[in-house]
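Once you scroll down, you'll see the structures, which are given as structure tokens.
Consider the two complexes below, in which subunit A is the common component and subunit B and subunit C are the respective partners.
Moving on, here comes the complex of A and B:
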């Protein structure tokens, strides 16, 4: 019985350790460069077209990374940082635009195109298969004219 | 041998053509807006609302009857440093008149750096962030620094791409507009 109680208490202690806030990774104090870059890689500065913020070398991007570090240090979540940047500089700074308005097309058209292409390919493959099988079933040509034509062609070679 | 061709339904054709046309229209609209150049002289200046760093709200329609010098800048932009002193001197020159307004628009800049820039260069005219880069896009600007001078009727009177190199470069434009009345 005593052994059971010890196991129970130890289990409770283990559970408390696992579920304690210290076990959850949080950005406290000054965030590391990796933590900043993890957020920055999903942002694009309008000045440097097509260069993600984490690898962009301009002064503007350096300032933005500094801003991300400050926001994370203040306790902003990753999503809150994205929302802040979208409000300040427009949605075009986001690597993944929110699925609203015409932005939906970005998410809908590529998968739709893949499904459509797959469907068309499958249908045409089935047709080709059918026509190939049909061609194999065709009766062989067996008339005098065709035979003499074949012989003449062979003679000319 | 008979050819195995299934007729495509009218609805399918209409849908396919409709989708294609919609996509083409979308591409055309995007292409048109990206090919539009910067605003030019004589064009009506776009309406805008600027909330300054100190919380004032400036609406463009309230500026009619005044000559407006709208300067787009950024703290990370080296040529903007070059022209900062000329713009401030020009503002000091006109400030007492009351019919000339200088506005600074910080583009893609963090507030901390913008305020540091303003302080460092002793800029006293109104400045604010271009939230969402909406004003920059409305004026179809292409970089920084760029300055739009708007006449009393709300029309673009001058576009300066790059930095002003002297105070005279600014006063020549503004004086001409003030003399028009």
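Moving on, here comes the complex of A and C:
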């Protein structure tokens, strides 16, 4: 049970880790192209085919990057820029869906699946551990090749 | 005329595929071998017929028969000959035909094998392969016919039909739209065929698995028969993925090779289950365990192949790799559902006969470590699958919100995007665990191993790997995740090399020189050492991925002529920009950029932007300097029109990325070694020959 709890906590940590992209510090003054790209990396243009905004070559995306620069220059934080774009164009522009409503499933399902697999594995763990305790007595079923290799190496020693 | 020939060949191939299914089923039911033989002949004929259909389409493409709608869509006067021919797989209809041709080729090859020992499986293998082929041919004939022609009515209306409608005249456009610029790359000429071969080849192990389920055979015969087929499928799928990555690196202008795009993931998912399957079948062969699991894995792999094809072709997902929206989506969905349900129902029916012959006895056995390996693959699959389908689920769930207003704030119906950060964060730890297991698992003994036995084999590489770690720290690396992942790579690499060394050492005792010992070591046990070579390839790929993912640097800036931009020890200088047109219909803007390292001139690069007049699409082609240490990757983002007095560049330094490609070569070589027929077979043949001579 304790093991299960550990796996569960680890999974939640994994989920938390997934849901928080690296933060970009708030920009003072005119933002550089790198500062704009750091924000644009986590945004998608709704008209392009699944290309992040920082590398999209279309004129529309260049305009969006200009808009990000303007917002950052006005003192918007990274999160405020994301919120602004999501409010304007819908949540599909965000590289990660905000953790609310149905979107929680994005973050919960994979860790739950891993917890479930861990649980199933853990259920058999005790049995295998018991067997492993007596493994010294168990004859190993090594393949012929490995056995002959070990024997030859032993003979050399 | 040629198009008519192609269409008739297609039609006959479809009818024959249907006949093969029916005749094989009837032959099995009535226990009449002649019906099964007839079904086999029909299945064999599919390949030559579809060769005729493909050749007809290629002929039309090469000769620019613009009356064919497909030719107009993907070809043009300005395209060179080789691109006109490869435009066969440049559009939806043509690529479906190409897919079917490959499918027919594999059916043809599998039908020509020696069936004496597997008579009971034969009808069902024919049914599964022919049913799959018939499905794809039906899609082509009824939804995506590449031989449709343009016709013009008296009123000037243009429409498409196979044959001339009453009162209509042939309509031949002056020129075609040309191939999508993204597909005009050498990588795109090879990448789709490799991927398709990988996809279609998985139908062979799946067909044998279904045949074993239907006939109730619980032995591992189907696995032994299909081992090499599976390896071939896996080899081509891996090759397709590696080539696709290289194409993305060269053409998409992302600064990387893998964008976790839904279509990329769709091709990656069958690779995950296929890899798990290749590991897991060893347990069934050796210990008679995991029979249910292996069935499930091959069913999943096949269904994921069809699912990937569905995602790419239905238009349900937005991707740079996807074909346009098409009406074939629902058909695909129905086919996947039917295949999955029927396969699972069969597995359920045979559940009790597929019980393991022995029990798992120890946590430290090779079988238990392989099981954990399989679970890790499945974990990654779950993350990938969920990330790909969630956007569809989020959009489709809007119906619930509309039906139950109280739940409208949960089921908003807004489409969500799941970007690379999700996949990278969620799969990262699982990849690390897999990598570590890759070094340890092959050293564990079957049934039971002890920590002491395992420790004895790995302690030396472990100590050396710590020296490598210390070297990295002394070299100034401080990124904890980078250190951990590179240490894992070093450890697994050393363990694998040590295994080669131990094996060669044993042979050298027999008086063989080191080169002979190494060569014969691999030759006499190809499966084992081929596997180790594959692992070496994976480690090299992993080093490349760690390099670019964790240590990539990038910057962007606008430079006046003669001005420099710096990134780490590198700097680039904008020298000039030229604009010119090319005979293949491009307007090219090409910059000349000087690259310096620590202030010393290194090389000149030519990043450019190609604008295709026909499709009105622009392509950003990087300027690239590649070494084993890193790639300097320069993109031309923007420039001052007319004067070109200044231009904006994006500069990336991608450490170790070339290891991905070199690792790919090692990986492919290892797969070839592992799938090559074992040397032990030769004496058998020799013995047979000797016996025959004696008898004579």
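The rule is short, and it goes like this: the second predicted complex is superposed on the first by the 94 of 157 C-alpha atoms of A that agree within 3 Å, B and C clash if a C-alpha of one lies under 4 Å from a C-alpha of the other, contacts with A are read in each partner's own complex, and residues count from 1 in each chain.
The working rule: a residue touches a chain if its C-beta (ideal position, glycine included) is under 8 Å from a C-beta of that chain, and two chains touch if they have at least 3 such contacts.
None of these values were measured; they are calculated from a predicted model.
In the superposed pair of complexes, A:30 makes contact with neither subunit B nor subunit C.
In the superposition on chain A, A:90 makes contact with both subunit B and subunit C. Once chain A of one complex is fitted onto chain A of the other, the partner contacts of A:42 are limited to subunit C, with no touch recorded for subunit B. Shared-chain residue A:67: touches subunit B; no touch with subunit C. Residue by residue along subunit A, subunit B and subunit C are tallied for touches, and C comes out ahead. Comparing which residues of subunit A touch subunit B with which touch subunit C, the overlap comprises 90, 92, 102, 105, 109, 131, 135, 138.
Residues of subunit A that touch subunit C in their complex: 14, 17-18, 21, 32-34, 37, 42, 44, 49-52, 55, 57, 62, 90-97, 101-103, 105-106, 109-110, 113-114, 117, 121, 124-125, 128-129, 131-132, 135-136, 138-143, 145-146, 149, 152-153, 155-156. If you check the complex, the residues on subunit B that touch subunit A are 1, 4, 23, 26, 74-76, 108-110, 112-113, 129, 131-134, 137.
Subunit C makes touch with subunit A in their complex at residues 252-255, 259, 261-262, 286-287, 317-320, 322, 360-364, 368, 371-372, 375, 378-379, 382-383, 386-387, 390-391, 393-394, 397, 409-412, 414-422, 425-426, 429-430, 445-450, 453, 502-503, 505-506, 509, 525, 528, 554-558, 609, 618, 620, 637-638, 648.
Partner subunit B is touched in their complex by these residues of subunit A: 45-47, 58-60, 63-64, 66-67, 70, 87-90, 92, 102, 105, 109, 127, 130-131, 134-135, 138.
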